[in-house]
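Handing you a structure now.
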Amino acid sequence: MAIKKLPQEEIDQQLSQLTGWTLEGGKLHKDYTFDDFVAAFGFMTSVALVAEGMNHHPEWFNVYNRVTIELTTHDAGGLSQLDFAFAAKADALS
Amino acid sequence: MAIKKLPQEEIDQQLSQLTGWTLEGGKLHKDYTFDDFVAAFGFMTSVALVAEGMNHHPEWFNVYNRVTIELTTHDAGGLSQLDFAFAAKADALS
Amino acid sequence: MAIKKLPQEEIDQQLSQLTGWTLEGGKLHKDYTFDDFVAAFGFMTSVALVAEGMNHHPEWFNVYNRVTIELTTHDAGGLSQLDFAFAAKADALS
Amino acid sequence: MAIKKLPQEEIDQQLSQLTGWTLEGGKLHKDYTFDDFVAAFGFMTSVALVAEGMNHHPEWFNVYNRVTIELTTHDAGGLSQLDFAFAAKADALS
(Lines give C-alpha, C1' and ligand atoms only; values in the text may rest on other atoms or scores of the structure.)
Protein backbone atom coordinates (compact mmCIF):
# COMPACT_ATOMS: atom_id res chain seq x y z
CA MET A 1 0.00 0.00 0.00
CA ALA A 2 1.07 3.56 -0.72
CA ILE A 3 2.73 5.37 2.14
CA LYS A 4 3.01 8.77 0.57
CA LYS A 5 1.43 11.71 2.33
CA LEU A 6 -1.99 12.56 0.99
CA PRO A 7 -2.73 16.11 -0.21
CA GLN A 8 -5.15 18.06 1.96
CA GLU A 9 -8.02 17.97 -0.55
CA GLU A 10 -7.75 14.17 -0.64
CA ILE A 11 -7.74 14.05 3.16
CA ASP A 12 -10.83 16.25 3.35
CA GLN A 13 -12.61 14.13 0.76
CA GLN A 14 -11.83 10.82 2.48
CA LEU A 15 -12.64 12.23 5.92
CA SER A 16 -16.08 13.21 4.66
CA GLN A 17 -16.74 9.50 3.92
CA LEU A 18 -16.05 8.44 7.52
CA THR A 19 -18.29 8.74 10.57
CA GLY A 20 -16.99 10.18 13.83
CA TRP A 21 -13.41 10.74 12.70
CA THR A 22 -11.88 14.20 13.00
CA LEU A 23 -8.47 15.78 12.42
CA GLU A 24 -6.62 16.63 15.63
CA GLY A 25 -3.09 17.95 15.38
CA GLY A 26 -2.84 16.48 11.91
CA LYS A 27 -3.87 12.99 13.04
CA LEU A 28 -7.05 11.04 12.37
CA HIS A 29 -8.89 10.87 15.70
CA LYS A 30 -11.95 8.99 16.96
CA ASP A 31 -13.50 8.28 20.35
CA TYR A 32 -15.41 5.01 20.65
CA THR A 33 -17.71 4.06 23.53
CA PHE A 34 -18.70 0.47 24.33
CA ASP A 35 -20.98 -1.19 26.86
CA ASP A 36 -18.18 -2.10 29.22
CA PHE A 37 -14.50 -2.99 29.47
CA VAL A 38 -15.10 -6.51 28.15
CA ALA A 39 -16.52 -5.16 24.89
CA ALA A 40 -13.95 -2.35 24.65
CA PHE A 41 -10.94 -4.62 25.06
CA GLY A 42 -12.35 -7.28 22.72
CA PHE A 43 -12.57 -4.53 20.08
CA MET A 44 -9.02 -3.44 20.87
CA THR A 45 -7.75 -6.99 20.37
CA SER A 46 -9.40 -7.29 16.97
CA VAL A 47 -7.96 -3.89 16.00
CA ALA A 48 -4.53 -4.98 17.28
CA LEU A 49 -4.69 -8.01 14.96
CA VAL A 50 -5.60 -5.78 12.02
CA ALA A 51 -2.72 -3.45 12.95
CA GLU A 52 -0.20 -6.29 13.02
CA GLY A 53 -1.55 -7.64 9.74
CA MET A 54 -1.14 -4.19 8.12
CA ASN A 55 2.10 -3.47 9.98
CA HIS A 56 0.52 -0.12 10.81
CA HIS A 57 -0.05 0.64 14.48
CA PRO A 58 -2.30 3.16 16.20
CA GLU A 59 -1.69 5.51 19.07
CA TRP A 60 -4.54 4.63 21.38
CA PHE A 61 -5.92 5.19 24.82
CA ASN A 62 -8.42 3.21 26.87
CA VAL A 63 -10.22 3.72 30.12
CA TYR A 64 -12.98 1.27 30.99
CA ASN A 65 -15.52 1.36 28.12
CA ARG A 66 -13.89 4.16 26.12
CA VAL A 67 -11.25 3.80 23.41
CA THR A 68 -9.57 6.70 21.61
CA ILE A 69 -7.63 5.98 18.42
CA GLU A 70 -5.24 8.34 16.68
CA LEU A 71 -3.64 7.54 13.34
CA THR A 72 -0.78 8.96 11.36
CA THR A 73 1.94 7.53 9.11
CA HIS A 74 5.34 8.47 10.48
CA ASP A 75 7.17 7.29 7.36
CA ALA A 76 5.02 9.60 5.24
CA GLY A 77 5.24 12.58 7.57
CA GLY A 78 1.47 12.87 7.75
CA LEU A 79 -1.71 11.04 6.80
CA SER A 80 -1.50 8.34 4.14
CA GLN A 81 -3.93 5.92 2.57
CA LEU A 82 -2.94 3.42 5.29
CA ASP A 83 -4.59 5.61 7.93
CA PHE A 84 -7.88 5.76 6.08
CA ALA A 85 -7.78 2.01 5.38
CA PHE A 86 -7.13 1.42 9.10
CA ALA A 87 -9.95 3.75 10.15
CA ALA A 88 -12.43 1.92 7.94
CA LYS A 89 -11.38 -1.45 9.39
CA ALA A 90 -11.65 -0.18 12.97
CA ASP A 91 -15.15 1.11 12.26
CA ALA A 92 -16.16 -2.23 10.76
CA LEU A 93 -15.05 -3.96 13.99
CA SER A 94 -16.74 -1.54 16.41
CA MET B 1 -22.75 -18.19 42.69
CA ALA B 2 -23.75 -21.75 43.41
CA ILE B 3 -21.29 -24.40 42.36
CA LYS B 4 -23.43 -27.42 43.11
CA LYS B 5 -24.12 -29.87 40.32
CA LEU B 6 -27.48 -29.31 38.69
CA PRO B 7 -30.01 -32.15 38.46
CA GLN B 8 -30.62 -33.48 34.94
CA GLU B 9 -34.11 -32.02 34.63
CA GLU B 10 -32.72 -28.57 35.47
CA ILE B 11 -29.96 -29.04 32.88
CA ASP B 12 -32.48 -30.05 30.22
CA GLN B 13 -34.68 -27.10 31.04
CA GLN B 14 -31.84 -24.55 30.90
CA LEU B 15 -30.38 -26.11 27.78
CA SER B 16 -33.72 -25.62 26.03
CA GLN B 17 -33.40 -21.87 26.62
CA LEU B 18 -30.04 -21.66 24.80
CA THR B 19 -29.37 -21.65 21.08
CA GLY B 20 -26.73 -23.90 19.56
CA TRP B 21 -25.55 -25.48 22.79
CA THR B 22 -25.56 -29.26 23.16
CA LEU B 23 -24.43 -31.81 25.75
CA GLU B 24 -21.31 -33.72 24.74
CA GLY B 25 -19.75 -36.09 27.23
CA GLY B 26 -21.59 -34.29 30.01
CA LYS B 27 -20.22 -30.88 29.03
CA LEU B 28 -21.96 -27.88 27.50
CA HIS B 29 -20.67 -27.61 23.92
CA LYS B 30 -21.02 -25.00 21.19
CA ASP B 31 -19.32 -24.33 17.85
CA TYR B 32 -19.16 -20.68 16.78
CA THR B 33 -18.20 -19.46 13.31
CA PHE B 34 -17.01 -15.91 12.60
CA ASP B 35 -16.05 -13.96 9.48
CA ASP B 36 -12.33 -14.43 10.00
CA PHE B 37 -9.59 -14.91 12.59
CA VAL B 38 -9.69 -11.23 13.61
CA ALA B 39 -13.34 -11.51 14.62
CA ALA B 40 -12.90 -14.96 16.20
CA PHE B 41 -9.98 -13.94 18.39
CA GLY B 42 -11.61 -10.63 19.41
CA PHE B 43 -14.55 -12.72 20.64
CA MET B 44 -12.18 -15.06 22.47
CA THR B 45 -10.55 -12.14 24.25
CA SER B 46 -13.88 -10.78 25.45
CA VAL B 47 -14.84 -14.27 26.62
CA ALA B 48 -11.46 -14.62 28.36
CA LEU B 49 -12.17 -11.41 30.29
CA VAL B 50 -15.58 -12.73 31.33
CA ALA B 51 -13.95 -16.01 32.38
CA GLU B 52 -11.38 -14.26 34.55
CA GLY B 53 -14.09 -12.04 36.06
CA MET B 54 -16.17 -15.13 36.95
CA ASN B 55 -13.10 -17.20 37.85
CA HIS B 56 -14.62 -19.88 35.65
CA HIS B 57 -12.63 -20.95 32.61
CA PRO B 58 -13.65 -22.78 29.44
CA GLU B 59 -12.04 -25.61 27.54
CA TRP B 60 -11.84 -24.17 24.08
CA PHE B 61 -10.43 -24.73 20.65
CA ASN B 62 -9.83 -22.34 17.77
CA VAL B 63 -8.80 -22.70 14.17
CA TYR B 64 -9.03 -19.60 11.98
CA ASN B 65 -12.66 -18.39 12.14
CA ARG B 66 -14.04 -21.23 14.25
CA VAL B 67 -14.23 -21.40 18.05
CA THR B 68 -15.47 -24.40 20.03
CA ILE B 69 -16.30 -23.89 23.70
CA GLU B 70 -16.86 -26.65 26.24
CA LEU B 71 -17.99 -25.95 29.78
CA THR B 72 -18.13 -27.93 32.97
CA THR B 73 -17.58 -27.21 36.66
CA HIS B 74 -14.83 -29.43 38.01
CA ASP B 75 -15.54 -28.49 41.63
CA ALA B 76 -19.14 -29.57 41.20
CA GLY B 77 -18.37 -32.78 39.32
CA GLY B 78 -20.65 -31.77 36.45
CA LEU B 79 -22.67 -28.85 35.12
CA SER B 80 -23.49 -26.03 37.51
CA GLN B 81 -25.28 -22.72 37.24
CA LEU B 82 -21.89 -21.15 36.44
CA ASP B 83 -21.77 -23.02 33.13
CA PHE B 84 -25.15 -21.75 32.03
CA ALA B 85 -24.29 -18.20 33.13
CA PHE B 86 -21.06 -18.44 31.14
CA ALA B 87 -22.83 -19.80 28.07
CA ALA B 88 -25.30 -16.92 28.09
CA LYS B 89 -22.47 -14.37 28.35
CA ALA B 90 -20.53 -15.99 25.52
CA ASP B 91 -23.62 -15.89 23.31
CA ALA B 92 -24.16 -12.21 24.12
CA LEU B 93 -20.59 -11.48 22.95
CA SER B 94 -20.75 -13.51 19.74
CA MET C 1 -10.17 -5.14 49.20
CA ALA C 2 -10.19 -1.74 50.82
CA ILE C 3 -11.18 1.16 48.62
CA LYS C 4 -10.47 3.94 51.05
CA LYS C 5 -8.04 6.65 50.04
CA LEU C 6 -4.57 6.10 51.45
CA PRO C 7 -2.86 8.81 53.50
CA GLN C 8 0.11 10.48 51.81
CA GLU C 9 2.73 8.90 54.07
CA GLU C 10 1.35 5.46 53.21
CA ILE C 11 1.45 6.34 49.49
CA ASP C 12 5.06 7.50 49.76
CA GLN C 13 6.02 4.36 51.63
CA GLN C 14 4.39 1.99 49.13
CA LEU C 15 5.70 3.95 46.16
CA SER C 16 9.23 3.49 47.48
CA GLN C 17 8.75 -0.28 47.21
CA LEU C 18 7.91 -0.12 43.49
CA THR C 19 10.27 0.30 40.54
CA GLY C 20 9.58 2.86 37.83
CA TRP C 21 6.27 4.13 39.22
CA THR C 22 5.84 7.85 39.89
CA LEU C 23 3.02 10.13 41.00
CA GLU C 24 1.62 12.30 38.20
CA GLY C 25 -1.38 14.48 38.93
CA GLY C 26 -2.17 12.29 41.91
CA LYS C 27 -2.17 9.08 39.87
CA LEU C 28 0.28 6.18 39.86
CA HIS C 29 2.11 6.37 36.54
CA LYS C 30 4.53 4.07 34.73
CA ASP C 31 5.94 3.84 31.20
CA TYR C 32 6.82 0.35 29.97
CA THR C 33 8.86 -0.45 26.86
CA PHE C 34 8.77 -3.83 25.12
CA ASP C 35 10.57 -5.39 22.15
CA ASP C 36 7.72 -4.78 19.76
CA PHE C 37 3.94 -4.45 19.43
CA VAL C 38 3.44 -8.21 19.77
CA ALA C 39 5.06 -8.22 23.20
CA ALA C 40 3.41 -4.95 24.27
CA PHE C 41 -0.11 -6.05 23.40
CA GLY C 42 0.36 -9.52 24.92
CA PHE C 43 1.29 -7.74 28.16
CA MET C 44 -1.77 -5.50 27.83
CA THR C 45 -4.04 -8.51 27.44
CA SER C 46 -2.68 -10.16 30.58
CA VAL C 47 -3.10 -6.87 32.45
CA ALA C 48 -6.66 -6.52 31.07
CA LEU C 49 -7.48 -9.97 32.52
CA VAL C 50 -6.07 -8.93 35.90
CA ALA C 51 -8.10 -5.71 35.72
CA GLU C 52 -11.33 -7.56 35.01
CA GLY C 53 -10.58 -10.06 37.78
CA MET C 54 -10.02 -7.19 40.26
CA ASN C 55 -12.82 -5.08 38.77
CA HIS C 56 -10.30 -2.25 38.77
CA HIS C 57 -9.39 -0.77 35.41
CA PRO C 58 -6.42 1.33 34.31
CA GLU C 59 -6.20 4.43 32.18
CA TRP C 60 -3.66 3.38 29.62
CA PHE C 61 -2.04 4.39 26.39
CA ASN C 62 -0.13 2.36 23.80
CA VAL C 63 1.87 3.15 20.73
CA TYR C 64 3.80 0.31 19.13
CA ASN C 65 6.15 -1.09 21.82
CA ARG C 66 5.33 1.44 24.55
CA VAL C 67 2.59 1.17 27.18
CA THR C 68 1.78 3.87 29.73
CA ILE C 69 -0.42 2.93 32.69
CA GLU C 70 -2.09 5.37 35.09
CA LEU C 71 -3.96 4.22 38.15
CA THR C 72 -6.36 5.85 40.56
CA THR C 73 -9.46 4.75 42.46
CA HIS C 74 -12.39 6.96 41.52
CA ASP C 75 -14.61 5.60 44.29
CA ALA C 76 -11.96 6.54 46.86
CA GLY C 77 -11.20 9.97 45.39
CA GLY C 78 -7.50 9.15 45.13
CA LEU C 79 -5.04 6.29 45.47
CA SER C 80 -6.15 3.19 47.33
CA GLN C 81 -4.62 -0.16 48.13
CA LEU C 82 -6.18 -1.45 44.88
CA ASP C 83 -3.84 0.77 42.85
CA PHE C 84 -0.74 -0.55 44.53
CA ALA C 85 -1.96 -4.15 44.23
CA PHE C 86 -2.61 -3.53 40.52
CA ALA C 87 0.81 -1.93 40.00
CA ALA C 88 2.55 -4.93 41.55
CA LYS C 89 0.61 -7.34 39.33
CA ALA C 90 1.39 -5.33 36.19
CA ASP C 91 5.08 -5.36 37.06
CA ALA C 92 5.01 -9.11 37.60
CA LEU C 93 3.56 -9.55 34.08
CA SER C 94 5.99 -7.18 32.33
CA MET D 1 7.83 -17.39 2.44
CA ALA D 2 7.83 -20.80 0.81
CA ILE D 3 4.66 -22.83 1.16
CA LYS D 4 5.86 -26.02 -0.42
CA LYS D 5 5.70 -29.21 1.61
CA LEU D 6 9.01 -30.08 3.21
CA PRO D 7 10.60 -33.49 2.59
CA GLN D 8 10.65 -35.79 5.61
CA GLU D 9 14.41 -35.56 6.16
CA GLU D 10 14.10 -31.76 6.29
CA ILE D 11 11.22 -32.06 8.79
CA ASP D 12 13.24 -34.41 10.98
CA GLN D 13 16.23 -32.10 10.87
CA GLN D 14 14.27 -28.97 11.77
CA LEU D 15 12.29 -30.80 14.45
CA SER D 16 15.55 -31.78 16.12
CA GLN D 17 16.36 -28.08 16.54
CA LEU D 18 13.14 -27.37 18.48
CA THR D 19 12.35 -28.13 22.11
CA GLY D 20 9.12 -29.82 23.09
CA TRP D 21 7.63 -30.10 19.60
CA THR D 22 6.57 -33.51 18.27
CA LEU D 23 4.85 -34.83 15.15
CA GLU D 24 1.27 -35.94 15.75
CA GLY D 25 -0.82 -37.03 12.79
CA GLY D 26 1.57 -35.19 10.51
CA LYS D 27 1.22 -31.89 12.41
CA LEU D 28 3.71 -30.05 14.58
CA HIS D 29 2.42 -30.35 18.14
CA LYS D 30 3.41 -28.77 21.46
CA ASP D 31 1.84 -28.50 24.91
CA TYR D 32 2.70 -25.37 26.91
CA THR D 33 2.02 -24.87 30.61
CA PHE D 34 1.88 -21.43 32.27
CA ASP D 35 1.40 -20.16 35.80
CA ASP D 36 -2.25 -19.38 35.33
CA PHE D 37 -4.91 -18.35 32.82
CA VAL D 38 -3.70 -14.74 32.80
CA ALA D 39 -0.26 -15.80 31.60
CA ALA D 40 -1.62 -18.43 29.20
CA PHE D 41 -4.02 -16.07 27.46
CA GLY D 42 -1.47 -13.25 27.26
CA PHE D 43 0.79 -15.70 25.44
CA MET D 44 -2.07 -16.69 23.15
CA THR D 45 -2.73 -13.06 22.26
CA SER D 46 0.90 -12.47 21.32
CA VAL D 47 0.84 -15.66 19.25
CA ALA D 48 -2.42 -14.55 17.61
CA LEU D 49 -0.72 -11.30 16.55
CA VAL D 50 2.20 -13.24 15.07
CA ALA D 51 -0.28 -15.51 13.27
CA GLU D 52 -2.14 -12.59 11.73
CA GLY D 53 1.15 -10.95 10.76
CA MET D 54 2.27 -14.18 9.01
CA ASN D 55 -1.21 -14.95 7.72
CA HIS D 56 -0.64 -18.44 9.08
CA HIS D 57 -2.98 -19.62 11.81
CA PRO D 58 -2.67 -22.42 14.35
CA GLU D 59 -5.11 -25.04 15.52
CA TRP D 60 -5.00 -24.55 19.24
CA PHE D 61 -6.66 -25.55 22.47
CA ASN D 62 -6.65 -23.92 25.90
CA VAL D 63 -7.87 -24.88 29.30
CA TYR D 64 -6.84 -22.65 32.20
CA ASN D 65 -3.00 -22.57 32.24
CA ARG D 66 -2.44 -25.06 29.41
CA VAL D 67 -2.15 -24.28 25.70
CA THR D 68 -1.77 -26.88 22.96
CA ILE D 69 -0.69 -25.71 19.51
CA GLU D 70 -0.84 -27.76 16.31
CA LEU D 71 0.58 -26.52 13.03
CA THR D 72 0.25 -27.56 9.43
CA THR D 73 0.07 -25.77 6.08
CA HIS D 74 -3.15 -26.69 4.30
CA ASP D 75 -2.06 -25.08 1.03
CA ALA D 76 1.05 -27.25 1.03
CA GLY D 77 -0.70 -30.46 2.05
CA GLY D 78 1.67 -30.94 4.98
CA LEU D 79 4.39 -29.18 6.94
CA SER D 80 6.10 -26.20 5.35
CA GLN D 81 8.76 -23.74 6.40
CA LEU D 82 5.93 -21.53 7.70
CA ASP D 83 5.16 -24.06 10.42
CA PHE D 84 8.72 -24.16 11.67
CA ALA D 85 8.99 -20.37 11.56
CA PHE D 86 5.74 -20.14 13.55
CA ALA D 87 6.92 -22.72 16.10
CA ALA D 88 10.12 -20.78 16.71
CA LYS D 89 8.18 -17.54 17.24
CA ALA D 90 5.74 -19.18 19.64
CA ASP D 91 8.63 -20.59 21.65
CA ALA D 92 10.26 -17.15 21.80
CA LEU D 93 7.03 -15.72 23.28
CA SER D 94 6.45 -18.48 25.85
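Chains: A, B, C and D, in written order; residue numbering restarts at 1 for each.
To be clear about the criterion, contacts are C-beta pairs under 8 Å (C-beta built on N, C-alpha and C of every residue); 3 or more make two chains touch, one makes a residue touch a chain.
The structure displayed is predicted, hence computed values, not measured ones.
Q: Looking only at C-beta pairs in contact, point me to the busier pair out of B-C and C-D.
A: C-D
Q: Just give me the whole-number Å value for how far the CA centre of subunit B lies from that of subunit D.
A: So the centroids are 26 Å from each other.
Q: Report the inter-centroid distance (CA atoms only) between subunit C and subunit D in whole Å.
A: A distance of 33 Å separates the two centres.
Q: Among all residues of subunit D, which ones touch two or more of the remaining chains?
A: Where subunit D meets two or more other chains at a single residue, that happens at 37-38, 41, 45, 48-50, 52-53.
Q: How would one label the connectivity among the chains shown: line, ring, star, complete, or other?
A: complete
Q: Please output the residues of subunit D touching subunit A within their complex, sorted ascending.
A: Of all residues in subunit D, those touching subunit A are 45, 48-50, 52-53, 55.
Q: Provide the residue numbers of subunit B that touch subunit D in the complex, in ascending order.
A: Residues 37-38, 41, 44-45, 48, 51-52, 57-64.
Q: Which residues, counting only subunit B, touch subunit A once they are in their complex?
A: Touch residues, subunit B against subunit A: 37-39, 41-43, 45-46, 49-50, 53, 93.
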